[in-house]
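The two complexes that follow have chain A in common; it is paired with chain B in the first and with chain C in the second.
Coming up: the complex of A and B.
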């Protein structure tokens, strides 16, 4: 049964529409990441579900119950915000136990629950500390522990790793999914980091311009985005978009890039005759010195290592800058200068230039 | 082929030299802050150096001392053959893009950039061309005729970068040059900037806390921590031969996996990790120097980079705690020795959570550190 069900939510402010017809259904124990650029309305959405903000239209069901009109304290959700929002005058223990205290739980129950969640989050040794004595990482875990302590069925996390350093963020990215699964809660997790969304979410709901543009498993969204808007939000460096005008030719669809004719294969037939942006992820481009079949000429501008990959900045004969990335750093033989780029048509995505809708490639 | 690389440039000539440079803030106060300690640094002509470290490591103080915004407590700084540490900033022959070294408010962005060209005595046409070029590079053409107060912080930052890059100088000092940019533009600027700096042989030092930036742009990276230069090396060297545990675990994304171990050197070289991998190698996998260096320590820290752990090989086994696919790479975490050991594979690798997989840590990829000092003992078969 869906634990969180959003039906056609709408919300506007004086400045304009923020959310417009959002629907989403999250199963019990599932983690769904709400991902989108800043200003997309992610935080507003969480506030609507928590009940601290009122809907203009639509309805919200939590654990099968219509809570659209219910006051926040009756909705039974646990929340953690990106700025931690700990009570400064209370110890970590009291912060974590605050929801239980408010509910009138016994001292023994509070102690047992706080200690259990603290041990799960590895903060047992700092329970007596005040927030100002905690590191950012410990504050973040304390805020998370507070959200989980009362065993809520539903947990809302608003970009909880935003304010912790890169190293801890990476560690938490690895650990959070199992911690959340161990709690058994159904989770809506807001982030603006695509890697975090892919690492943590069972599914990702991409929020763009107040709408869910796509809701799918991480690997499906990366490989099979429904629109250019979604495709551009994933990948490092981001996807290349090359303007082309595909045409039907001998043995399939063809296009011209940099004066070379490139075969696009069968999956791009629908793109023929239209103004198209060809989406090529950097890792889908191979760069060689020789032209070979289906290569198009490029000028390698710079070679920049990126972790264990090598990123090439290249310029097409039309003057467009594009990226290719190769696994490994051994490829130091690659130098600036003329070269040829190739790609497997099965990994190319075609988007309608005007609407951004995908019209070819992908699954 | 149009070859423009660091390797082929004549870079043997030293452009900038720091000798025994110290920076102590409030030296007479009860608690003076020793921000930079006995720093020696030689930068070759045409070289790009990154000063990398977390906040408070001393990187910004170093940059500000070179620029002349901060006095040098002790030591000497030479640039292009002359001592500069006592000179006013404007007399040092240095171009800079700094936070707080702001654009002139009464001048448009275009005039701010052109003003930096004044001493070059170019014709108006040449000057216009140079301004247009650098404006295109940092993508500020549409705002050239606006005034600093009417543009965003990110645009001001790029305008200030353009102003520094446009003029001839013996040294370019750039403070977090790509701070607030969206990801695509940041990747573009990295490539363009690297091309510009290498092609024109512009000696540069930039400060960053982002190792991705440092590795992408710099010929060599100076890793700083606690006011001390930990290591100055190119990125391959930093990864393959880190000088100490700090550098080893700071450089690399994700960071190196490390385990406390007890070393035993005889006919075999063994590292005993409590509840951890079996690390048992034939003695000839290590050079004599490496063996004797390891034998001197009983307690060590052993490390392996995530990209160097081999899956479905060797005799060690561990349970998969998580497997995260990021579109172009899988990050798989194993439960090893009471923590998570991460491996990275550039493919979508099937490894279900809870499954047990075999893995191997080859001796060639093993790093050994002294448990007390953190100093590197050996890298692969060689002594550090």
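Coming up: the complex of A and C.
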């Protein structure tokens, strides 16, 4: 049974529509990352589910119960805010125990549960401190502990790693999935960092223009995006989009890039005769000095070694700047200058130029 | 600043002393005057050295004023009690009404909310004398003239807007997320108000309450017109010191010292709640 079920939610403010016909179903124990650019309405979505904002239309079911009209205190969810929102006049202990206190738990139960979650999050030594005496990392963990302490069936996390330093963010990105899975809760995790979404989520729901543009497993979102919008949000450097006009030719679909004819293979047949943006992930491009078959000429402008990979900034004869990334730093010989780029047509994604919809390539 | 030179520190000390002397000297002088007889006060040139007397205080407390023209009855202690009663009740009522109202104006957007809040503030714009005459007539009609209840009601014109607007600002400064977090944790709206909003706005409530108390305490015209002798506060009661046989400077000074004391005590007590920065570190970003 779905633990969280959202049915065509709509919400608008004076400034315009934020959510428009958004639906999602999350299974028990699943972690779904809500990912989208800032201002997409991710936080609004969590607030609607928690009940602190009112819906314009649609309905929300939590644990199979219609809570659309229910006040927040009856929904039984745990939440961690992006800005922590700790109660400043209470100790970390009282902060974490607040949901237990509200449920009328005994002092011993509260103490046991708070200490358990605090030791999991490594903040046992600061339980007596007031929020202003905590470091950012400790505040973040306290906020997280507060969300988890009462063993809620549903946990909503609003970009909890946004305000912590890079090192802690990296650690938590590794720790959080097992921590959340151990709690057995169904989790909706909001983030605007695609790496975080891919590391933590069982599935990723991409929020664009008030709707979920795609809901899929992290690997599928990356390899098989349904639209240009989704493809551009994942990957660093971002996906290259080269305008082409494929045509049907001998033995498959062909296109012209920089004066060279490149074969696109069978998976791009639907793109023939249309204005298309060819999506090429930087790591799908191989750069060679020799032309070879199906290569197109480029000018390498800059070579940036980043330890685990080398990023090349290149220019096509049409003047478009594109990126390629090569694994490792072995290729010390790579220098700026003329070269040729190749790609496996199966890894190239074709998007309709006008609508951005996927029309070919990929898995 | 760690790089302040000696000269700079000396100059700063001198400047601070000058300002303190300027503001505190009148109070210090009044304090001295309260221990002098009228003759000593009016001596020329005035002197810092005199034989202290407590006659001013005893005559105020016993209510018998001895003047050259004979003995006069004083209702000063009754006036002082009236002031305490009127100011305390007015501020208590204003807090009871104003704090929830301030919360409503800060948190909920309802039709005309800004207009209502502004109307309440505008009570402070009109000169009190302008409203007093019609008010006095109405009060006579409905029997509120010369009653404590009537005065406390009228004092809301002073206290309520002040509390409403100051406390509203403090409520607005509390991140709504803190309240949301408390509600989602399973607490009702009312619990969130009493256990989160009020404790976090306490410095503002203390400041507004203290200011409102001072303004009520110092009010003169409302009580002058709307109350008779036995209900009048010290501000009006002080008129009695201007007698047919002259102005009783010593008693006036003693009366000032006595009537400043409650406000001063309250200010010292409220000081601990005025400490700001309680909410620092609660939210980030």
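Following the convention adopted for this analysis, the second predicted complex is superposed on the first by the 362 of 363 C-alpha atoms of A that agree within 3 Å, B and C clash if a C-alpha of one lies under 4 Å from a C-alpha of the other, contacts with A are read in each partner's own complex, and residues count from 1 in each chain.
Keep this in mind: a contact is a pair of C-beta atoms (placed from the backbone, for glycine too) under 8 Å apart; a residue touches a chain by one contact, two chains touch by 3 or more.
Predicted, not measured: the structure shown is a model, and the values here were computed from it.
**Q** Go through the superposed model and pick first if A:199 touches only chain B, second if only chain C, both, or neither.
**A** Only chain B is touched by A:199; chain C is not.
**Q** Looking at the overlay, what does A:60 touch: chain B (first), chain C (second), both, or neither?
**A** Touch partners of A:60: none, neither chain B nor chain C.
**Q** State whether A:82 touches chain B only (first), chain C only (second), both chains, or neither.
**A** Touch status of A:82: second partner only.
**Q** By the touch definition at the top of the document, which applies to A:175: first (chain B), second (chain C), both, or neither?
**A** first
**Q** May I ask you to decide whether A:234 touches chain B, chain C, both, or neither, giving the answer as first, second, both or neither?
**A** first
**Q** Under the stated touch criterion, which partner chain does A:336 make contact with: chain B (first), chain C (second), both, or neither?
**A** first
**Q** Between chain B and chain C, whom does A:285 touch in the aligned arrangement: first, second, both, or neither?
**A** A:285 sits against neither chain B nor chain C.
**Q** Would you mind writing out the residues of chain B in touch with chain A in their complex?
**A** Residues 1-5, 54, 183-184, 187-188, 190-192, 194-195, 198, 212, 215-217, 235-236, 239, 252-255, 307, 321-322, 324-329, 331, 333, 340, 342, 344, 346, 348, 353 of chain B touch chain A in their complex.
**Q** Which residues, counting only chain C, touch chain A once they are in their complex?
**A** The contact residues of chain C facing chain A are 175, 177-178, 180-189, 191, 196, 199-200, 278-285.
**Q** Under the definition above, what is the set of chain A residues touching chain B in their complex?
**A** Per the stated touch rule, the residues are 165-167, 170-171, 173-175, 177-178, 195, 198-199, 218-219, 222-223, 232, 234-238, 281, 283, 301-309, 311, 313, 321, 323, 325, 327-329, 335-338.
**Q** Could you list, by residue number, the parts of chain A that touch chain C in their complex?
**A** Chain A reaches chain C through residues 47, 50-52, 71-79, 81-89, 98-99, 102-103, 130-134, 136, 139, 146, 150, 162-163.
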